[in-house]
Amino acid sequence: MRIELRSATRRVDGRRLLDAITLAIDPGQALLICGPNGAGKSTLLKALAGLVPLTGGEVLYDGKPASKWGPALRRRIGALFHESLLYDELSVVDNLLFAARLFGLPQPQGRVRAMIDAAGLRLVAREPAGRLSRGMKQRLALARALLHDPDVLLLDEPFAGLDARWAAWLADRLAAERRRGASVVVVAHEWRLAWPLADRAAVLVRGRLERLLDAAAWDVDRFGAEYRQLLMPAGSVEAGAALSHAEVAGAASMGAALPGEGGGP
Amino acid sequence: MSVLRAVAAIIWKDLRLEWRTGEAILTPALLALLLLLVIVFALPPGVARQEGVLTASLWTALFFAGTVGLARTFARERAEGRLWGLLLAPVDRSAVFLAKGLAAFLFLAVVALVTMPAFFGVFGQSLGAPLWRWGVVVGLVLLAYAAAGTLLSAVAAQLRAGEVLYPVLLFPLLVPVILAAVHLTDALLTTGGWEREGVWMHMLILYNILFWGVPYLIFEYVVEV
Amino acid sequence: MTLPMTRPSRAQTLLLSLAAPAVVFALYMALIWAPDERTLGTVQRIFYIHVGSAWNAYLSFLIVFLASVGYLLRRQASLDAVAVSAAEIGILFTTLTLASGSFWARAVWNVWWTWDPRLTTTLIMWFMYVAYLLVRAAAEGEERRGRLAGVFGVIAFATVPLVHFSATWWRGMHPNIIQTQGGTIRMNMDPDMIVTMVVAVVATTLLNAALLSHRVSLEHVSRRVAALRERVRLEVES
C-alpha cells in the first residue's frame, strides 16, 4: 500500500511530538527512520497505525485519508512496538491464535503452526510467553505482526534482541514481504543493522523531519557522518551513543526500556 | 460478522488468561466468602435470620469483591501495550468494550454462582422464588455492574494508582444498581416475584441500556493514546 | 517572554460588582424582609440559601458536562479549564446545599440527616464530582487529564437522573414546594417568599458566574506558569 503523510503534526501539552512531517512510501518500498530518543519515531509509527490521533495534517493510505478507511484498514497493517503486545501468562500458541482470531484469519490453527515454525519457536510453543528469552520473545512479537500478511509493516526496533542468525532471517523475511508489495517502515535507534534494507532513510529530530534521503545513493559511513553532524547541536551525548559500536548491543535494549509517548495506552 | 468474531476472540483470550491467573474469578470469590465471614462476625447474635440481613450481606459482599476483578479488566491490558494490540483489530473499537464487558460479566456470574449458596446457607434462607427469576434479577444486576465497571476500569487503568482509586470512582455511579439489586432481591425472597418492585426492573433495564450504549459514543476517547 | 495576565478583565469586574451587592441584597431579603413562615417560623429562611445553592450546584455540573463534551470533540484547553472550574464551584455549592439541608432537617424533622431523595441525590453527586477531581489529580499530562476527566464528566452527568429516580423510589420525604396542577405550576408559598426566593436564586447565580470567570482565569494563569516552568526546565537541560 502507498503510505502518505501530509504535514502530519501532533502536539500534546504544548510539545510538538510530530512537526509537519510530509513523506510518502510506495508499495514494496522500505523507509528507515532514525533519530535520537524522544525524536518522535514511535509516535510516528503509532500515528501511522491510527493509535494516536494527529492534531494537524493527515495520513493517507492509497490516496485515501486514514479516517475515511474505517476499521478495515487495520486488517492490512502489521505493527511491532517497543511493547511486545503479548500476554505473558498465555502460551506462544495461544498468543498467536488470539491474534489470528482477532484478525479473523481463515484456518487460524494452520496459520499459527506455520508461523511458529518459521520463527523457530516450535520447541517452546506451549511455554508461557513470559518465560521466553528476550530474543525468542522478539521473534514471537514479530510473528504476531507478520501473521496476517499485512500490506503495511510498521516495525519499531525489529532487530532488538535478535542474534546474527535471526537478524539475517528477519532481513530475508522483510525482503520477501516487500517483493509481495508490502510497504515497510522501520524505526531503528541503532540504524546500521537496518540500513541495507532501506530504500530511503529519514532522520527525525525533535519531531521534525530533518533529512529524507535516498539510501542507495549514500554509503553507510557517509550517512553516519551526516547523521552525527545533524545530532551534534541538539544532543551530542546521545548522538555519540547511537553511533558508537561498543554500545550497539546496549542501544537497542535501552531504547526498549524507555517508555513511548506518555508511557502506554 | 467480523465484530462477533473479534468479540468471541477477546472473550476466549480472557477465559484462557483467567484459567492461568485466577484474577477475575478465584480471588473475588474468595474475597466474597471472607466478607461473608466478616459480616457474620460483625452482626449481633440472633440477627442473622432476620429479614433483609441476607440481602444486605449478599450485595455488600458481591459489589465489593467484584471490584477486585473488574479493576484488572483494563489494568491487565495496559501492560506491554496489549491494549494497542486489541485496538489494531480490524473492527470498530466499541467491539473491544463489548468483549471486555461481556467477559467481565461472565466472571461476575461465576463468582455469584459459587458464593450465593454460602450466603443462603449461613443465613438459613430458602430461595423463595423460581430459579429462573433469580437468574433474571442477578443477571441484570451483574450485567449493569459489568458495563459500568468495565468502562470505569478503562479510565482507571490510565491513572496513577488507578486500581486504588477505582472503587471510589465506580460506587457513586452504581447507586441505582445497588438500590435495584436490594429491592428486587427482597421482593424475590418475600413475595416470590418482582412484580411488587417492578419499577426497579425498569431502572435496571434503563441502566443497562445507558451503560452498554454510552460507550459506543465515548469509548474511542477513553482508549486513544 | 510576557508574564501571565493577572488583572481581572472588565467583564469580570462588572460581574463581581453586580454579584456582591446582589448577594447582600438577597441576604437582606431572606433574613429580614421576607415574612416568617406560619408553622416553621424563622428557620424556614434557610430555604432561600438552600434553593440558591442547589440550583447552582446542578447548573455547575451541567456546565461541567457541556464543557466536557466540547473538550472531547474540539480539544481546546480552555474548555477543559471551564470544566475543572465549574466542577470545583459545583462541589462548593453541593456542600452548601447539604449543610443547609441538614440544618433544615434538624429544625423541622428533628434529625441531622434524612434520606430524602433530593438530599440523597445531592450527596451522591458530591461523591461523583469529588471522584471527578480525583481523576484529574491522578492523570498525568494535560491532554490525558482533560480527556479522562471529560469522559468521567459525561458519564457522571448521564447517571445523575438515574440516581435521582432511584433515590425517589427508595424513600420520599421532601417538602413539595412546587406542584403541577392541571398543567400549570402552582406554588405553595406566600408571594413575598416567592420574590425572595427568585432574588436569592438570581444573586447566587451571579455569584456563581463571577466565581467561575475568576476560577477560569486562575486556571489559565496556572497553566501558563506550568508551561513556562517546563520551558525553563528544557532550556536548562539542553
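We call the chains A, B and C, going by the order they appear; numbering starts again at 1 in every chain.
Please note the rule applied: a residue touches a chain if its C-beta (ideal position, glycine included) is under 8 Å from a C-beta of that chain, and two chains touch if they have at least 3 such contacts.
Keep in mind that this is a model prediction, so the values were computed, not measured.
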Touching chain A and chain B alike are C
Between A-C and B-C, more contacting C-beta pairs sit at B-C
By C-alpha centroids, what is the most central chain here? B
What chain is the most remote from chain B, judged by the mean position of CA atoms in each chain? A
Nearest whole angstrom, what separates the Cα centre of chain A from the Cα centre of chain B? 39
Computed distance of Cα centres, chain C from chain A, in Å: 49
I'd like the Å distance between the centres of chain B and chain C, where a centre is the mean of that chain's Cα atoms. 32
Enumerate the residues of chain A that touch no fewer than two other chains. 262
If a residue has to touch 2 or more other chains to count, which residues of chain C qualify? 140, 143-144
Do you know which chain B residues sit against two or more other chains? 158, 224-225
Contacts from chain C onto chain A in the complex sit at residues 75, 140-144, 227, 230, 238
Chain B-touching residues of chain A, taken from the complex the two chains share: 46, 49, 51-53, 71-75, 77, 79, 81-90, 94, 98-99, 101-104, 128, 144, 260-262, 264-265
Would you pull the chain B residues touching chain A in the complex into a rising list? 2, 5-6, 8-10, 12-13, 16-17, 20-21, 77-93, 158, 223-225
Interfacial residue positions of chain A with respect to chain C in the complex: 12-14, 55, 234-235, 262-263
Residue positions on chain C within touch of chain B in the complex are 72, 124-125, 127-128, 131, 134-135, 138-140, 143-144, 147-148, 150-152, 154-156, 158-159, 162-163, 165-167, 169-170
